[in-house]
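In the two complexes below, subunit A is the common chain; its partner is subunit B in one and subunit C in the other.
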Partner chain A sequence: MSVAARDRFDGLTRAEQGAVGFVVLLAALLLFGLATGGLAPTYFLYLVGLVGMYVLLSFGLNVQWGYTGLINFSVAAFFGLGAYGTALLTAGNSPLGIEGSRLLGLIPLTVIGLLIAVVLAAVVAVAIGIPTLRLRADYLAIASLGLAEVVRLVFLNQRDWTNGSAGLRGIPGFFQGWPVLETFPQAMPNLRVEALEVSIPGVFSTRILGFTLDAPFWQALLNVAFVLALVGVVFAILRRAHRSPWGRVLRTIRSDEDLAEALGKDTYAFKMQAFVLGSVIMALAGVFYAHLNLFVSPGDLEPINTFYVWIAVILGGSGSNRGAMFGGFVVIAIREGTRFLGELLPGALPAADIPFTDLVVSFPSVVETTYVTVVSNFASTRLLAVGLLIVLVMRFRPEGMLPPQRELIWPRSVAESAGPGETNPRETIEEEATATAHVSDASDEVAPDEVAPDESTGDESTGDDLFDDAPDGTGDDTSDSSDDDTSNDVDAPTDASGDASDEGGERNE
Partner chain B sequence: MSVLEFLANGLVFSSIIVLSSIGLSLVYSIADFANFAHGDTMTVGAYAALVTFGFVGALGGEVLGLPLGFFVALAVGVAVAAVVAVVTHKLVYEPLDVDSIGLLITSIGVAFVYRAVIQLGFGTGFIEFEITLLRPIEALLPYGIRMTMHDVAIVASAAVLVAGLHTLLQYTDLGRKMRATADNPSLARVSGIRTGRIELWTWIIGAGLAGAGGVFLGLYNNISPRMGFNILLVVFAAVILGGIGSVYGAMAGGFLIGMINQLTPLLPRLGQELPLIPESFGIPIGIEYANAIAFLIMVAVLLLRPSGIAGEEAT
Partner chain C sequence: MSESERDPGLLEGPNLDKEDVVLRVDGLRKTFGGLVATDDASFAVERGKITGLIGPNGAGKSTIFNLVSGFYEPDAGSVSVNGVDVTGAEPHAVAEEGLIRTFQTPRKLEGMTVREAMLVGPQRQPGESFVKLFTSPDAVAAAETANIEDAQRMLEQFEIDHLATQPATDLSGGQMKLVELARAMLAEPELLLLDEPVAGVNPTLANKLREHIARLNEEGVTLCIIEHDMEFIMNLADPIIVLDQGSVLVEGSPAAVRADDRVIDAYLGGGGA
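Up next is the complex of A and B:
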């Protein structure tokens, strides 16, 4: 590890270090599996694709829940709308399908499918949003779950449109009908990676590598490129949007909707925009899924899929896109990892290696039966793991593993306020607005000059900033306040609020 | 099938929905969050009764076509559901430091844990109580109603439980304290009511009723790990229709939603069944959308009258 990387790692918070460690460990495990031949390269890429899909879904939910505080329990419905939107057009057995792979011999059908999916999701989002977005948060949860069930029932029962529970098969890859990319997998050479004999003399000897990179592999690579492109574009857009005045209004709505209303913002319109944007992102994930899996069925719209995405967002940290990526990673680790473990573990405990069996007669048998039950029912075990994870996260870390910190702030203001790690308070968004408001009120009375340091930490979701419509307005704030910093240093101990003095101190490290 | 028979079926199904929606509404008003684990509490009650029935099923005597053992199993199911809910409250909800939305999300995790444990213990398939199916009651057949003694037992038991709850709420000390706490927790606390204890009783009563609902649902259809979660949204629809926080509203809402759910097959041939409407009139909707209708009613109620039938509090 180079010195710079070392410093960077030390600069992270403990939670960040943990998350990085987890991801590195898991990646190492996957690479190990890849090298020893336990994991086929095509399957590895499929997993990467799934991670990308969950990251997209989490991004979508993050726009709704993480930033705007909308409890949307219809993630699976929008995912399904996206998947069905494109599949209905392109699938081999679709009752509404179109023959051929291009429309009018020009535009690839899959592109049309993508557009249809997006439009469908947007229309349904508006239709669901109109009745539900004015409701109290917990009503929205119930209503959206109910409407998601309606969507699922429609896909399940309108057989003449959707082929019912049999699902849609024969969906082409996304790049079918595209100029060059359609034949890319076939055009690429079949690479044979020869097996290597690795041995430490006298200790062990094993064969590693040894697989062929053939057409399915290149196809999978193309899919991964597609999902990475989607993730990249969505991430860039969201990053920009969340730091913009629009994003600040959303975060204000989440912390205190009345405040946003009082400042003259049409919160219903903002909520609707966020809801539609999030739903469209989920539909994009659905489009990708349809062309990855090449089969969709109403089972993909089951409520459990909604809650997988919720776990990803809650675990990662509501409102944090970094967290959403991490969460997507963990969810796939749980989903695929439990499946993998189920195949790997022996069906029964190896006998006779538990000591003192004669002393505690009943105990080992209980352990054994439990073990057998757990190993033989991995679907149920996964459900148990998911449930426990939700409960534990809410109990011990309700703000998630990687709550939003610096990513909400323009990089420039972070650079100027300098300082590693926890320069900025680890507050969740809810606290930000109120806390800052209080602090500035208090210090207003003590010494008006000291208001600036609070703002310089970049808590953009304060009410004041709502009026500040220039995106780089904070940059100006920061330069102002860094001037004040020197004077603030002296005054810091006498500052009425502990918060402000802490920040002042840390910033000058 | 005649209209009367649909109404009879609706009555039986309504009884089950009423029992569960009362519990959900109680918890919603006193613990102050939408408990998504309520459906799975019903499942817990059903499985507890199933296991108990395996032991005491042979217990002699017969009431309303059911062996006495079934009522013992019912009591155990209710008790287990209540105990599980109280333990969950103490272990999970009470130590939490989150708002009501956080509690809502946590309750989904709790629901998954319940269901997963049941699946690990009993598998994912359908099971039935080993009670011989009865023939429909002869006396009702001339009216076109096919109803067994078991259905009567469900309705009667539900009526007894609801009447008991009404007595409890209106005429006992605990009931008054519960109503006071639901109305205004802070005021209740300064008046010297131990709201923590009231909350515990709410969980016991709410989950107990859910357990009873689960047992009857198992008797009416069959038992499976997903039975509770599948019916949860219908119960929510009933609670919202009745007005969140109102026990009597929940009863009315549960009755209406249960009826509508079972009357769905009538909709396409509405004109033939009702007077004063042209023969050909009907709402073309299949029985597979029975639940969807309940959800749409729920959304419509939220939109037009969020306080529900009996609720006073507006959003």
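Up next is the complex of A and C:
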């Protein structure tokens, strides 16, 4: 590692270093798989495409849930709207039956499909947002759960429009009808990477590489380029928006909607914008999926897909774009990784000479049968793995793996103002939390002494004493106790907060 | 009435005959089921003054604040800010007319630094438009820089500038009240409604808050304050409006209110008879 890279790595927070480490490790594993021929390059690119798709979905949900606190359980529906929007226009067996690959011989149909998908998702988002976004957050959650099923069932049952459960086949790649790119996969030469014999004499010998880069590979490469472009553009937009005053209002709404309203922000409008933006991003993921998989069916709108995306966002760290990215990556790693794990493990427990089998007959057989069940159904146990992971994350790191790490203000504006520079609040929170923990313990012990005199101040209906200019004695008690800790109360967070929690409860109406 | 003859500084009911009125509340009524929280409440807040709103628990002070700021919709009556009728308007629309309120319990903004939390205050920021972020980035950045500087200056005025880059959730109750006040000031309000600014604040900090509020008033900010702490409100506000059972009992100078038997009766639960 170069010195510059080393410095850069040290400049990251621990969470960032962890995430980078994980990604590097997994990438190394994949490269190893590629090099040893265990992983076909085309399939590898397909996996990268899937990661990109999940990253897009996570981005979309992150705008809604992570920024704004909107609970949207219809991720799969917006994804499906995107996929069907473009598929209906371009699929070979689409009931619309549009011929050719360009509109008016000019614009590629896939581009029109993308636009239609985006508009469709936006319209549905507005339609579901109008009745629910003025209400409390839970109403959107319920309504969106219903919406997801409605959309799925419409696609399943409106055979005249959508082909029903047969789905839409023969969807072209996204670049069909584009100049140059359309024929790119065919135009590229077939490259044969010969297998190499690698050996350390006498110790170890294996064959590596040995695959062909043919048209499907180049097609997959195009797909990856497409999804990377989408991810890149969306990330750039979100990064800017998240740190802008716009993003700040969304984050305020998430924390406290009343406060945002009281400060003159039209929260309904902001929530609607976030909801539509997130839904459109999800639809983009659907568009990509349709042109990656070349087949869409109502099965793609199953609710489980919604929850995978939720897992990605929660795992990555709600409210963080990079967290959403990381989460999408991890979910695919689990979903596809478990597939391989099942193949790698032997089908049955290796026969071992377990002593005293005649004495304990039942125990080993139970282990054996459980093992066989798990291995032969590994794909199904991935849900178990995902569930376990979520439990662990919630238990040990409820804010997710990579929550927002820095103050979210445009660095340029901070630099231009005369105020203090950019900070790293997350790290200071952790440090200070441990530092102040002791102090607040101490003030908790003091609390009982303070409560007693407070009660006489709280008792305000004592006739003549009511309007006394100076509260006798009682005020002195509290100020005395605060003097113990520090002379300047403005600087004494723990002390004052102790007072606040004691008195706040009594004085509230 | 005999009481008002006895003390010319005290009016039975509200004083609606003021010269330059920022907030006028007329016949406001709100019921929650069978409970009448606010019953035909009328009062006026004069520009440049600190108007205190006191009354025993359940007198309807907070309900009136919620009605005025748009969080509740009144059953009857009207509210106007600067002569503009805002009855039943949404809170953000009321805020746009220049009426900014704070809350009894300070609201925390998770994941933000104090400075970020402050930056929510300024009104009509160009950067709050998603489109403008991309069509006119320079204007947005310039406004943001100016707002950061304003926020920093405001924090300095409230002597909490050392907290600027602290997490907003790490503050004490009193510091949060200061931040909330400072943020409300960034909204450049015509009228600032403070809901129990010193509830849960220790006496030293309460004194500081009083000085800050008095300073803001000298700088020309009109305030209307609900407060239970009598010493605090009596030394700060003039006039004082006393609410009882959802409507205005008396209005007058602190000294006059303090001496009035009916006010004491109201606090003792005598029903103001």
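The rule we apply is simple: the second predicted complex is superposed on the first by the 398 of 509 C-alpha atoms of A that agree within 3 Å, B and C clash if a C-alpha of one lies under 4 Å from a C-alpha of the other, contacts with A are read in each partner's own complex, and residues count from 1 in each chain.
The working rule: a contact is a pair of C-beta atoms (placed from the backbone, for glycine too) under 8 Å apart; a residue touches a chain by one contact, two chains touch by 3 or more.
Worth saying up front: this structure is predicted, and the values here are computed from it rather than measured.
Asks: For A:P404, using the defined touch cut-off, is the partner it touches subunit B, subunit C, both, or neither? Pick first, second, both or neither.
Replies: Second partner only, subunit C.
Asks: Could you let me know whether more residues of subunit A are touched by subunit B or by subunit C?
Replies: After superposing on chain A, more of subunit A is contacted by C.
Asks: On the A-aligned overlay, A:R136 touches which partner chain: subunit B = first, subunit C = second, or both, or neither?
Replies: first
Asks: I'd like to know which partner A:N377 touches here: subunit B for first, subunit C for second, both or neither.
Replies: first
Asks: Given the touch rule stated above, what does A:W246 touch, subunit B (first), subunit C (second), both, or neither?
Replies: It touches subunit C, and subunit B stays clear.
Asks: Contact-wise, after the overlay, does A:V386 reach subunit B, subunit C, both or neither (first, second, both, neither)?
Replies: After superposing on A, A:V386 lies in contact with subunit B but is clear of subunit C.
Asks: First (subunit B), second (subunit C), both or neither: which does A:D300 touch?
Replies: After superposition on chain A, A:D300 lies in contact with neither partner.
Asks: Examine A:L259 and indicate which partner it touches, taking first as subunit B and second as subunit C; both and neither are also allowed.
Replies: second
Asks: Any idea which subunit B residues touch subunit A in the complex?
Replies: Interface residues on subunit B, with respect to subunit A: 33-34, 92, 95-98, 100-102, 104-106, 108-117, 119-121, 123-124, 229, 233, 236-237, 240, 286, 288-289, 291-292, 294-296, 298-300, 302-303, 306, 315.
Asks: So in the complex, the part of subunit A that touches subunit C is made up of which residues?
Replies: Going through subunit A, the ones touching subunit C are 237, 240-241, 244-246, 248-249, 251-252, 254-256, 258-267, 273, 277, 319, 403-404, 407-410, 412-414, 416-420, 423, 425, 428-429, 432, 436, 460-461, 463, 466-471, 475, 478-479, 482, 489-497, 499-504, 507-509.
Asks: Enumerate the contact residues on subunit A facing subunit B in the complex.
Replies: 71, 131-132, 135-139, 141-143, 145-147, 149-150, 153-154, 156-157, 303, 307, 310, 314, 373-374, 377, 379-381, 383-384, 386-391, 394-395, 398
Asks: How about subunit C: which of its residues touch subunit A in the complex?
Replies: Answer in residue numbers: 56-58, 61-62, 69-71, 90-92, 95-96, 100-105, 107-113, 115-116, 119-121, 123, 125-130, 133-134, 140-141, 143-145, 147-149, 151-152, 159-160, 162, 164-167, 169-175, 178, 183-184, 187, 196, 199-205, 208, 228, 230-231, 234-235, 258, 264, 267-269.
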